[in-house]
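Structures incoming, each one as structure tokens.
Here come two complexes built around subunit A, the first alongside subunit B, the second alongside subunit C.
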Partner chain A sequence: MTENDRAILKVSELSPQAIGWSRTLDLLIIVVAAFLIWSVSHISFLLLGGDWDFFIDWKDRQYWILIIPITTIIMAASFQAIFWNLFRLPIGATASLLLLLLGTWIVRYHSWEGLAYFPISLVVPGTCLMGALVLDAILVLSRSWLVTGMFGATLYGLLFYPANWTYMAGYFQPVMNMGDMTSVADLIGYVFPRAGTPEYIRIIERGTLRTFGDTPTWVSAFFAAFVCIFLYYLFWGLGVLACNARFFPVGERFKSLYGAKGAKDQTAGGPVTQPGASS
Partner chain B sequence: MSIQASSIPSARVPSTPKAEKMFNLGPVAIGWGLLLAIYAGFRLYQGAFSFEYGLDATSPEFATYWLTLFQIEVPLIFGSGLCIWLYLWFTRDRDMDNMSGETELKRYFGLLAWFMMYTFSFLWIASFFGEGDATWHQTVIRDTALTPSHIVVFYACVPMYIVFGVSSLLYATTRIPAFARGYSLPLIMAVLGPGLILPNLGFNEWGHAFWMTEEIFSHPLHWGFPILGWTGLALGGLFIQVIGRMAVLFKEVGGPPAEDADLA
Partner chain C sequence: MSLHLRMPRRGLSLSLLLAVMTFASTLVPVPVAAHGERATEPYIRTRTVHWYDVTWSTQQVGVNETVTVEGKFHLFTDWPDAASKPELAFLSNATPGAVMTRVESYINDMPAQQSVSQLEVGGDYSFKLVMAGRVPGRWHLHPVLSVHGAGPIVGPGHWVEVTGSAADYKLPITTMTGEVIDDLQHYGVARLQLWQAGYALIAVAWIFWWIRRPLIVPRWNAIRKGREDLLVTRTDDRVAAAMLVLVLVVVIFGYHHATQKYEYVVPLQAGSFKTKPLPLPPPEVAVQMKDATYDVPGRSLRLDVEVTNQSDSPMRLGEFTTANLRFLNKSLAVALAGVDPSFPKDLVAGSGLKLSDDSPIAPGETRTMRIEATDAAWEIERLVSFLTNVDSRVGGMLFFFDAQGQRHMVEVFGPIIPVFTQLQLAQRH
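Up next is the complex of A and B:
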């Protein structure tokens, strides 16, 4: 135990026994919070923008760069607000995106490859971790959600594409396929037609951004950064709202039914006694 | 240079046998183990019989392997849930005004144990089987609302976390004074919101029956699920309610503050 730990525990005015209980509570909160963050981040991302992350050929230069940052920053912002407001911990965005990445890798391996036999090279997930680290770093340095939204969310949107470029570059290389030029990612996709293939052709393989990357990617990245700013503020607000600890008053009948008829206030329990007095 | 073991400062906070009794990890570990076995069993069952017998809902093999599972799991899960809920209700504390602080503190730990079960079970639908459903739809689309994927994710995993969510709510309101004296907004939100995913399936399946939406998993028809999932964020407010009261109880039940010698 460090001198700092001792000083904190002394200020807490807890007994050694209560310090043990408090540490147990810390661990339980961490476990519950981790499952919650993992679940909510994944279901939110999955059903708002999942298609663009499921497949390597859908990781295009127009929608992927736009949709993934704006669908992931929403829960990152909400959890950042919760952790910052409740615990002054600048870890919400990183926790959200790290657990999301863990969840997606597990599913890609066990379901996409393990159940449906798609190759992992087709379903490898993208990552938003770099943007999340920057978002949390700016929050802890500025201690302001306003500044974090303005600069952090901008960088979050801008950094997504370069952060993924390292592993994506190989898939964007041009190859010849039956006399036509295509990308390696598209070539893998041609071998495994999916229910989403018609939509891929309708949505993605159209427009004027039909290149292998290059300048259109930055157009998309800047648009993503622009949208991320507004969504960050909106979902920070949702996180703050979620920290509302309100109890609504109930009638005497309800209290009586639940064995709390003689209650004098809304929050406190019954008379507090030393251990062993009653159980 | 040698270091004597006794000179190394301990990183552990002094604990007493009483501290270990306040929270019992055993039931949670057993519960997690059981759930893990059930979910792993579902995944193995899917791997063995999804593509073999699950492609045509009109085939006799589908009825044998998949409808039978559906007909067993739904009454079994909701029946078990009903038993748990009735037990929690009929064994409720009818005299909360005279509850000792120690009992109240134990029950707060009990509530967190219920939430460990609830969030663990929610994780499997929101993450593993939720995205796993996309693998089915991107591969074979669907013919009815009862696909091998749905029979697991919607009609087993969803009822399972509803059982634990409602149990958490009932445990809190029947055993902890603060939750019996007022409706906890975050607790109701955190249980009711994700619970509404089950009735939202009606809209989901209705939409799928009329619009060909298999091609995009993140279709607007599905947006009800994440929006209801966001209500889980209300656990943040519940943490304030729980931690705030437990912090008071730690001081009042735990005895006098630690001395310097205790913290050494």
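Up next is the complex of A and C:
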């Protein structure tokens, strides 16, 4: 334990016994929070990002680069706000993306390969983890959600493409198939059939956004960064709102509705018989 | 009283056991064999894509060996309004997951890796699918035409046995830049996992840096008492700055390395191709549906049609086909010979086709005849729900044969009336 840790404990005015219990509580909350962050981040991403991250032949230069950052920053910002406002812990964004990545890999092996026989090369996921680390680090350095949104969210959106291109570039090498040039990613999607996912359902490379360097990639990355700023502020606000949640005031009408009204009086008068219970 | 106390405990134990078993069952992947070919609504299956002359080159392949499914499909003129017209479609196959791999696919001998656009209703197209065995097992293999806005329209399916070991499956390719890929199903995975594991390691280190110290209650109390200065220190600032630099360096280095290593890359290919219908001669038989009933208890489709032979050769009706079911005129040898030995037996109705007048229709003759297609397959294939469709219509293809044995295909379609009792049937006819 460092000097700083001892100072925190002193300020918190916990008794020596309570300090021991608080560490146990820490561990319990870490486990529970991990599952909560995992599930919320994963469900949110499945609903919003979905197909663009499921399959290698959906990872285009336009929508994939735009959609994945803006659909993951919302939970990253919310959890960052909660952890920062309540505990000054700058780990919310990193934890959200790390657990999302862990959950994604479990599903890829268990369901996609195990149930549908898809090879892993077809279903490799991307990640915004590096952007999340930047988001948390800038929050520490700035102590400001405003500055974090301005610079951290921008970098969050911008870093997604280069951080993933590092290991995905190979999937976009040209290859010949049946006399046509295609990419390795396209070929993987063609060879390993998805009966319910026809080729035309892919929403990729629409429009004419190829002004800069004959590719829409960096235009999409900068647009993703731009959108990320606003979504960061919006969902940071949502996280702050969650921090301020209070117990709903329980009135007599509510108690009556749930059968709680008068329970205290009955208990005082003798054992309460549950409806339908036999003696 | 003791029993009263034990029962809830036993119930709780059973509930817990059930919960554990349910959870455990989700951990073990259990693949399914079916893929819902009978689930598509009958109005789609009877009035959109009619598959014919479909053959399977073999019913048993080893891992890496190929089976070819080929034939033709006709796009029905009476295409239902509730389903989008085939402006954009993709030739695929139905199997339970990627148990077989798609080696090649063609529509009208044109490569069909991409979607095909602007197919013409009323036209006929040839198709060919070459599939390779990947996972051992007995798999139902169908051709499928996925139509944008109408969904996957499944052709006839046949069981194909894949033998051998899944571990033997390999798909080596060489890219146009000369890189040799040993096996496409594992390509790039190790590299990707190594990088992502590295990213995750950095993230774990960052999280551990923060959670190793007193956490929830002490930090919450410190904030309430205005001592936030204790919670994020100068050391934390330096660590955060180092983390920021580390992330940027790793990303820039990795990106630069990848762009150097893979100098030539191409985007995902998203175009479609076009092809005209097969140049088939127009049918020399005209058919007009006069009345159609489905006898619910008798499981019999009865069509009253007016047939005009416009050729100079006598004609006989040999087959009625709809939704991949085939009803054959068993007294016509050329019709029976049209069923390829590889065609699935369960899709050929055992009772065949019953005609009110099976004599040849003379050239120029117009005849009204009744066609009865009776079989339990209407129920088995879940086709009778066409009675509850919004437009209550039925459609199919009639195959006539002239004296030289040449086939003339013609569409038949129109409204259909369900009859639920024999009395009702007698009143109608």
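The rule is short, and it goes like this: the second predicted complex is superposed on the first by the 216 of 279 C-alpha atoms of A that agree within 3 Å, B and C clash if a C-alpha of one lies under 4 Å from a C-alpha of the other, contacts with A are read in each partner's own complex, and residues count from 1 in each chain.
The criterion applied here is as follows: a residue touches a chain if its C-beta (ideal position, glycine included) is under 8 Å from a C-beta of that chain, and two chains touch if they have at least 3 such contacts.
Just so you know, these numbers come straight off a predicted model, no measurement behind them.
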Which superposed partner A:Leu9 touches (first subunit B, second subunit C, both, neither): both
A:Gly49 touches, of subunit B and subunit C: first, second, both or neither? first
Partner chain in contact with A:Val107 - subunit B first, subunit C second, else both or neither: first
First, second, both or neither for A:Glu199, with subunit B first and subunit C second: both
Touching partner for A:Ser22 - first (subunit B), second (subunit C), both, neither: both
Touched partner set for A:Asn177, first subunit B, second subunit C, both or neither: second
Overlap of the subunit B and subunit C footprints on subunit A, listed as residue numbers: 2, 5, 9, 12-14, 18-19, 22-23, 25, 29, 86, 110-111, 114-116, 118, 194-196, 198-199, 277-279
Partner subunit A, residues of subunit C touching it in the complex: 1, 4, 27, 29-31, 35, 88-90, 92-104, 111, 113-115, 134-135, 144, 146, 148, 152, 171, 173-177, 179, 181, 184-189, 191-192, 194-196, 199-200, 202-204, 206-207, 210-211, 213-223, 225, 227-228, 230-233, 236-237, 239-241, 243-244, 247-248, 250-252, 254-255, 257-259, 261-262, 264-270, 272
Complex interface listing, subunit B residues touching subunit A: 9-16, 18-20, 22-23, 43, 46-47, 50, 92-106, 109, 112-113, 115-116, 119-120, 122-123, 125-128, 130-132, 134-139, 141, 173-174, 176-178, 180-186, 214-218, 222-223, 225-226, 229-230, 232-241, 243-246, 248-258, 260, 262-264
Of subunit A, residues touching subunit C in the complex: 2, 4-5, 7-9, 11-14, 18-19, 22-23, 25-26, 29-30, 57-61, 86-91, 94-95, 97-98, 101-102, 110-111, 114-122, 124, 127, 129-130, 132-134, 136-138, 140-141, 143, 159, 162-163, 165-188, 190-196, 198-202, 204-205, 215, 277-279
Interface residues, subunit A side, partner subunit B - complex: 1-2, 5-6, 9-10, 12-25, 28-29, 31-33, 35-36, 38-40, 42-44, 46-52, 54, 71, 78-79, 82, 85-86, 103-104, 106-107, 110-112, 114-116, 118, 194-199, 238-239, 242-250, 255, 258-263, 265-279
